[in-house]
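Take a look at these structures.
Two complexes follow with chain A in common, the first pairing it with chain B and the second with chain C.
And then the complex of A and B:
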């Protein structure tokens, strides 16, 4: 049954017009990488470029934005439109709806971002050293996408303005406050993602310096994902549908 | 009317399929449903009441979508809230027009069949679509459907698993007369198979044509229940009020007050309010009496023919 909802949700998410915008967003780092190579840039002269585009552009910006748009739409749109009744008025527990929605949002986000990382990697590292960074980052963004989408699906059940709250989380908490308050890295999906990528990559050619150890980051990410999923399930189980409110 | 409240709504002798006992629901300080008790048996039961009376809230609670603030709704012998298994035997059509616009009518109904875990989703889908006569439009996207078509495809989705209980909120909104008739026929056929159909409406005529039993809901309370003829009688036997304007309101009032058809007169802002318990006699007598005292009536209109005033009357009893 979860598969039916997963299929429906994937179809809904892919058919949305804003998905085209997300594809363009994911293509942006690829275009920058191409520009870098075409204009004669090389990673030997400019070693920070790869880190900049992977960690500061894809992980810090494209990944959370994509997860935010997809994650808040996956279930939030059904709650807003009232189509949720077709899912909950069925003989299946509501937690299955939550799992299917997080799953669909994750698949869409992970596919977009992992493709972006792969293409950027192909463009930058062809004939260069350090290509092992690419699979490390791909695994990291796929895992990070799960944490983000679980978080944003949970937000969308709790708040009708989940998009704005999610934006505040990404830009104020993860991007801004993490520069001043060291402890933020323990509660930041972006920091988990970079740390996992760092831990997976071959150390001689490291692009980034993860703030956490790989194990710590993975454990924290798993805990956050589990907590957000559990909260979303609890909220939806108690969710009341009415014409008012 | 409180004695009426415990009466069952349909005449057939089967055990109740829906039992609503002492149910209230409030939103903040606003009471939407106020201590309502009734039971529903197989057959067609109508929830009649003006807009905003609490019919939708009541239906949502029966559907297990809303938790009652107090009291209990039992559906097929089980609690309705947080009971997903009940949906195997219950179908729900809400008023809101929401459909998955990107799916065709067929895909939408089939999605519902698959979510119910039906063995042969395609056969069930074809059957449901045939019942609402949506075959010709089934391959078009629901996003482009008219209001009436959306309504019918929603009904098809709700009956795809052949539920024992079907709940419908304002099902005839947006339907043209032919579609209305067709849907009424379909609901009657379902009731004839021993199923329970509950629908809400603010239109008296729909009750007359469809409801075996009628529950009248006004301002969150159960105002009356019984078969349609009993409700109708309550409504026509009530006192009528007329607003009368004439060349001499005071003189006319004196002439009218002695007539047995008139139960009260009142002068108000240059017009005369006349109450009558006997609509037929009053309309004959008023011009005659006016003529006798030499007063010309310039305007006369019934004041309370709206359904709302009928409901108000019922509530006050």
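And then the complex of A and C:
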């Protein structure tokens, strides 16, 4: 039954028109990487380019935006349309509904972003050395996507304006305040993602400034994911089926 | 039977019939259809008043005035963040003796560019798009204003709202710096030539950001999507232009900066203040003549405003 809901949710998420926009967004870093190679750029002269495009474009912008749009739609749209009733009225523990929804949002987000990273890596590193950061970033964005989607699914159950609140979290908290307050990186999924990539990459120097240690980032990310999932399950378990269908 | 009704009513409503028939011969058959609706007898204030009312109400809505407390949070918080660097400078000025000007008026928009984009994303969907959401556009267009008036009224409200966040920190910085020196009048006399560039750059930047923000908001009646759309429209070009100018760095890709409104604001501000832009920021790295940024800002403002007017000409009311 859970697998049915998972499949159904995946179909809902992929069939939306905005998914096409998300694909275009994920294709932009690849286009820039192609442009870099076409104009004769090489990683020997500009060794930070790959890590820069992955950390500052894909992880900082494309990943949170995709997770936000997909994550708030996965369960939030059912709540908004009232179709959640047909899910929670099934003889199925509600926590399984939450898991299926987070799973579907995660699969869509992770697939999009990981392929973007992979294609950027292929374009940049063919015939070059130091490609170890590509699998490192792929693992990191898949884990980061889980953290983001769990967070945004939980937000969408709690708030009807989850998209706006998630946007404020990504752009005010993660992007803006982290420039002024260094401690924000301890509470930022984007920073966990970059730190995990940094720890996994077989690179002599740090890929990005101010990364956490890999263990810290992984533990914090796991804790945040578990907390968000638990909260989402609790909220949905307490959800009252109202008269309005 | 239907003929009988007017006759019986006629005797009762003689006075009404006489009123209704003042244009010509009394038409007794029409009297039953006079439902007694009141006519508006007051002064008709006309198109100009309608535009100014639209402008004022849109502006109030942008700051959540007359709405719930929740609607006031986002603009207030973002203006607070925008004021933060000015406050820091004033604190330094108060604690450190001597002239320690860390944060200059000419560099202010470079520091708060993200805040400007977020503010536009928070405010523009309240100004434009709200009437489409509530299906009340048709009520506006049936009144004295034309569709172009409506578009320009909304744009004017958005520009004014932007001026609140571009001008306010600059005024605070200027007045605060003047107050922290021992010689208030002397500071004013010395720094007076900063006033024109401060106002000029604030107006130029506000026009550019407002016109693009309202244009995006007018395309997307759904509030949340409009907010996402505006953020993407401002921040995505910053990231792309940053990579194309700083990393790929060829003569052709350096022109990508002209697609990024926030970088244009920074470059045009440097030109207006007659200073060199920050060498590490994208406008400094791109190395174009600074007046080009001002020209591009004006051009983008014109294009976005024209598209906005066109959008409201054709949108279904």
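In the analysis below, the second predicted complex is superposed on the first by the 238 of 245 C-alpha atoms of A that agree within 3 Å, B and C clash if a C-alpha of one lies under 4 Å from a C-alpha of the other, contacts with A are read in each partner's own complex, and residues count from 1 in each chain.
We adopt the following convention: contacts are C-beta pairs under 8 Å (C-beta built on N, C-alpha and C of every residue); 3 or more make two chains touch, one makes a residue touch a chain.
Note that the coordinates shown come from a computational prediction; the quantities given were computed from them, not determined experimentally.
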For the combined arrangement obtained by superposing on chain A, do chain B and chain C clash, or do they fit?
fit
Answer with first, second, both or neither: which of chain B and chain C does A:94 touch in the superposed model?
first
Chain B versus chain C as contact partner of A:56, first or second or both or neither:
second
Please indicate which partner A:186 is in contact with in the superposed arrangement: first for chain B, second for chain C, both, or neither.
neither
First, second, both or neither for A:4, with chain B first and chain C second:
first
Once both structures are aligned on chain A, how many angstrom separate the closest C-alpha atoms of chain B and chain C?
8
On chain A, the footprints of chain B and chain C overlap at residues none
Per the contact definition, I'd like the list of chain A residues that touch chain B in the complex.
1, 4-5, 8, 11-12, 15, 81-83, 85-94, 237, 240-245
If we count contacts the way the header does, which residues on chain B are in touch with chain A in the complex?
27, 32, 56-57, 60, 63-67, 82, 84-88, 90, 92, 94-96, 98-100, 102, 111-112, 114-117, 157
Chain C-facing residues of chain A, complex:
25, 28, 32, 35-36, 39-41, 46, 49, 52-53, 56-57, 60-61, 65, 68-69, 161, 163-164, 167-168, 171-172, 175-176, 180
Flag every residue of chain C that touches chain A in the complex, lowest number first.
74, 77, 81, 84, 114-115, 118, 121, 223-225, 227-228, 231-232, 235-236, 239-240, 242-244, 247-250, 252-253
